[in-house]
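Presented sequentially are two complexes of chain A, the first with chain B as partner and the second with chain C.
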Partner chain A sequence: MTTVRDGTTLQSSVRRWLHHRRGLLIATGLMVLFPFVVSLVVDGQGISAVFANDEGNARFLQGLAIEIFILALYALSYDLILGVTGLLSFGHAMFFAVGAYTFGIMLKTAELAWPTALLVVLAVAILQALLFGVVLPRVKGIAFALITLGIASMFWIVIQSSDLSDYAGAEIGLQGIPAPARFLDSTNERFVFYLITLAILVMVYMLYTRIADSPLGKVANAIRDNEDRALMLGFNTFWFKLVVLVIASITAALAGTIHTIHQPIVTPNVASLGYTVTALLVILIGGVGTISGAIVGAAVFRLLQYYLDRWFGGSSDLLIGAAYVLLVLYLPYGIVGTWRVKRLQIADGRKRLAALFRS
Partner chain B sequence: MSLLRLDEVHTFIGQYHILEGVSLDVPAGDIVALLGRNGAGKTTTLKTILGLTPARKGTVQLDGQDITLRRSFDIANMGIGYVPEHRAIFADLSVEENLRIAERNKGDLAEREELIFGLFPDLKRLIRLPGTNLSGGQQQMLAVARALVPDNRLLLIDEPSEGLAPVIIEQMMEAITRLSEHSTVLLVEQNFIVAGRLAQHYVIIEEGKSVKAGSMADLVDDDETIKRYLGAA
Partner chain C sequence: MTTATSSPARRRSDWFKENRNRFTTLAILVFLLLAAMSGVERDDWFSTIMQGLSVGAITFLVASGLSLIFGLMDVLNLAHGELFMLGAYVGWTVYTRFDTVVDILVPLLILSAPFTLLPLWRRLAAAIGSTPLGRRWAGLGLLAAGATTTFVSVTRFPLVIWDPGNFAMSPSNFSVQIDLGTLAPLPPDTFGWPAVIAILATLLGGSLLALGFNVLRSQIDERTVVTRKHLLGFGVLIVTAIVLLAVKEPLNEWVFGLSTTWRFFLAMVVSVAVGSAAGALIEVALIRPLYDRPIYQLMMTLGVGFILIELVREVWGRPEFTMSRPAAFNGTGPGCPGEGLGGFFSGCSTLEAFGSRLRVYNEGFVILAGIVVLIGVTLLLKRTRIGMIIRAGVQDPEMVEALGINVRRVFTMVFALGSGLAAFGGVLAAPSIGLGTGMGAVFLLSAIVALAIGGLTSFPGAAAGAVLVGLLQQIIIRYGQSGINLPFLDEPFKPSPTLVPAAAILLMIVVLLVLPAGLFGRSER
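Entry: the complex of A and B
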């Protein structure tokens, strides 16, 4: 037996990890099975239909799920800077759009191989986080929000300019982006791409929960609570905020990259203020600062949007607005946040109920 | 030998001239009470020492070294602990995380566990609870305990007795007396009875200026000064 640490065996630490992550493992397993279940039950087709990427509900719902995964990745990155660190940025859509546009332009115009294009996205993502970082030590709170809004608005205008239309496609955006590889092709290899996107989301989620529990995450929490106090404990808070921005920027750019592969078009919409508000709504629905709330929120947001639009058509916007008002009124900490608050009360109530039946 | 010395310090917040000449000496190993009415500039004096509202004129010296224009986290890392007013804990972190985050070197907490939990046995019992679930008194204890985790030469404590029940104030005073065996203390305190029992020296600030300083033993009998500057007898 291999001894890892403190005399614990490898087996027992694996068992502990499995136990600790059981919710995530079950959810991931269900998501892997999901297309097969839909194919069998809804479409009345066999399992092979999923591997063959046949038309049907299974294929369509995988596409919808991929959109949810992308939105979840994007919202996770926003939760890290807003929920965990307390930095209010109104320029978050730019983090996503820069990834989407860079990857698209690298494939289409520069005709790079996808690993190289991905490295370019990584470099650009780090650079833009540093750009936001330049203003970090000077402004806080609303002033930071407004400056980030300004930077992102400039970007939004620049990508729509006709001077750059050969690269960014002006108002129409990027179209005709080639599939980066045979397995990175949402049209012809839907199931493989679905699994890849799911795997990326699960890995990023695990990384984010690790960060939130790490000393970096605790100092980020301290900065959110009161930056002066964090300074007075001797932390150079600037570096902590910069690291958080870099991680969030890379994550959002990765989400943008997957978006480009999946669609495969990029419109200027993803750089607009509206898309930043989308991230904000998603984490408000899921629960600000909860990490897992970003994924729950993304699912609720996208499904509400899709089904309300399908059932009610033009009046769906009104209903979506009403749904948000209800969510905020009755779930003030978001779905995951409220669950965490109420969990103890629910457990307590269940115990009292059981005692009532026993007597 | 003074550990901390302020010399004619002037501080502005925005356009407002808050400190208009504060000078004070904090002898190593002692407790000095900073007294004065509301709005006299006591808290701003602490924040100026810490570089949160840096002085525009005058100097702040720690152990003979000029720290006037150093950055806050550098000043903190030179061995100054700060207990802000209003129970300044991190509400979302647990008691243990609140303490651990204050470690300057790994193992600081383990080293001082005995001292901290000796002073505040409640905190040991509540170690896993989030800060927001603590009572006001417990939060104040945690705020003081946090300043004890690293090896601080100087502690700046702002209004430790504010809004606490008398029995908790007693416990807090006992704690401050005990911790002053380990480090020098500059204390802001509205409650003159508390200040009088804890400190060996006093400095009175009035409208942003230090106007009187001396031994606490003399001040306790000096009804006229107390009435004039502190408005209490």
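Entry: the complex of A and C
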């Protein structure tokens, strides 16, 4: 038996890790079983229908779930910037759209194989984070928000101009992108793609919680709370912010890449200010700065959007706007944030209730 | 040289050094503008500059309010573009369909009447619920009941409404009709309930809403009493509503008989009033609870903007439509186009000056209105007591409050003023650029760019930035038509019109990188 640290064995540390991550593991397991359950219970089809990619609720809900995973990845990266580090960026949609467009153009126009295209996306993602990073030491607060808004708006304007219509498809968007590989095909191999996306989300989530707990995350928190003090304590805050931007940019570009594979068409909407606001709304619902809130928020937001659209049609946007205003006013910590604040109260209440029954 | 600092030469060089970045930026700007101008045909210079000033004037109207609000209360109001849009739509409605305004005004006046009896609701509210949680639920319940009653009763009023889906009743058709002079009041509708019951129900709805809001307020104040002043306000609102209801048809006939010029002025007045009221309402109800959470304020204004866009889509429909120019600026026929500056008063739609053909409305009236607002607001800021308070508040709100001035009330006033200016810009812009739900976002972006260039909190900076942005955009458009010779490109680059806003944004990024505080702003320490 290998000894990892004094008095701890590998076995016990694995056990501790399993205990620590039990919520995540259970949720992942449930999400893996979810298509089978829907196929059996709702559709009345067999388990094999999931593998055979048959039409039905199971297939449709997998598609919806993939959209939620994409949105969650994107919101996670925004939470790292805004919630953990406190950088108010209004250009986050560009991080996502650059990934989506680069991957699409690399596959369609440059006809690269998907691993190469993915490397190009990685390089471009790092480059754009550096571009945002150049302005970091010069401007703070609102000015940073404005510059990022400006850069992203320029990207949005350029991407939908007719000058680039051969590459980016102007206002209609990028379409006719070939499927990168047999297993990266949302139409024909949806279950496999669903599992891949889920795996990516789980891994990125674990990475992000690790980052938030690491010294890097702690310094990022310090920058959010009081940058001058962090500087005085001897941290070169610029490098920390730059690293955070690079990580977030790569994650958002990854989300964009998955979006390109999943959707038949990439519209310029994903580069607009509206899409940044979507990320803001998602982490607002989930809870700003709570990492897991991004995933909860993405699920709530996408499902809400889907069902409001179905029930109210055209006026659903109005309801979403109203929900947004009410959230800002009455639930400022979001779902996960409020849960964390009230958890002790709830546990206390449960104990008292149990004591009442016992006596 | 005894003391280095007192020497004039030394002082001058210090001053130069301190402002080095500012000079660099100005030099870059002048160079950019000159470089762009060199590509424009000499004959087009004057009209290009005037068009730039025209766009700049409208951008200034949006940017000025944004700058005042941001300077005084640190709120970057992202709903400002939508207030601009709201001004345009309200202006169009007053200009084209005055009858619908009267229709909606009657229930609105009745609904707002109970709010004048504030002390009564405060006293009642103090008696409701003892625990904070109980008060909150009671307040929310009252609000829900009030909203339901209001909705049901207001829709029972005779509301003549257009229908974007039906061409004969669509806004774009009305715009065509008013141009042809065939527009007539719509046939009157009838009450869904007996008039007295509808009015009483609306009063009840308003009372429930007023009570609900006061229950939700955290302060409890039992000492206030209803005075004669409150009762007078209540009475005036109710009587106005009933009188309006009675004289509705002759009033409509009279307004529809007026010249479109007068109706345009009426439209300006009403939309400024509506814009200011909307701004004040947003500030009091939504922004004020969030003063200690700045980022949430920003998000709140974003949400408000989305709601306003959706409301406009619900009421006026998604398709874009135009607004005709008022008669005074729309003349054709013999003697047109007018010659020189005298042509401004000739009633022609265009005039010839300095070898260019200008549209009197776009390049004359709009610029004039922009200059009037600039002078007016500058005088307000420099010469009046309230202006002094605003300027002091921009520097240090806490200090102003410590001197015994109710800063919160000034905040609301400035928010209303800024929103009114934006709405004024909207109604001015509508005849030249038409109406669409995207117009707010376009001008908000231009205004933010102008603000960032000029310095976020500086009012003259907002004006300078807006003019710069307008000029740059128009020059690039004109230049782009003939093609721009860029290095590394064989053919001249002809940007499509959609690319034009990117030039202004590029300018903003460059200026902010050289001068983070903008051209006229103070650097924040």
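Here is the rule we use: the second predicted complex is superposed on the first by the 350 of 359 C-alpha atoms of A that agree within 3 Å, B and C clash if a C-alpha of one lies under 4 Å from a C-alpha of the other, contacts with A are read in each partner's own complex, and residues count from 1 in each chain.
Here, a contact is a pair of C-beta atoms (placed from the backbone, for glycine too) under 8 Å apart; a residue touches a chain by one contact, two chains touch by 3 or more.
All values derive from a computational prediction rather than experimental measurement.
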Problem set entry | Joint occupancy of chain A by chain B and chain C, clash or fit | fit
For this session: Examine A:I126 and indicate which partner it touches, taking first as chain B and second as chain C; both and neither are also allowed.
Result: neither
Exercise. Is it chain B or chain C that touches the larger share of residues in chain A?
Worked result: C
For this session: Kindly classify A:N226 by the partners it touches after superposition: chain B alone (first), chain C alone (second), both, or neither?
Result: first
For this session: Scan A:V192 for contacts with chain B and chain C and give back first, second, both or neither.
Result: neither
Exercise. For A:L112, is the partner it touches chain B (first), chain C (second), both, or none of the two (neither)?
Worked result: neither
Exercise. Just chain B (first), just chain C (second), both, or neither: which does A:K218 touch?
Worked result: first
For this session: Compute the least Cα distance separating chain B from chain C in the superposition and give it as a whole number of Å.
Result: 5
Seminar exercise, completed: Touching chain A in the complex, chain B uses residues 50, 52, 71-73, 76-77, 81-82, 84, 88, 90-93, 97, 100-102, 104, 146, 150
Seminar exercise, completed: Seen from chain C, its contact residues with chain A in the complex are 70, 76, 286, 289-290, 293, 295-296, 298-300, 302-304, 306-307, 310-311, 313-314, 441, 445, 448-449, 452, 456, 495-496, 498-499, 501-502, 505-506, 508-509, 512-513, 516
Exercise. Where on chain A does chain B make contact in their complex?
Worked result: 215, 218-219, 221-222, 224-226, 228-229, 231-237, 289
Exercise. In their shared complex, at which residues does chain A touch chain C?
Worked result: 88, 135, 138-139, 142-143, 145-147, 149-151, 153-154, 157-158, 160-163, 273, 277, 280, 284, 314-315, 317-318, 320-322, 324-325, 328-329, 332
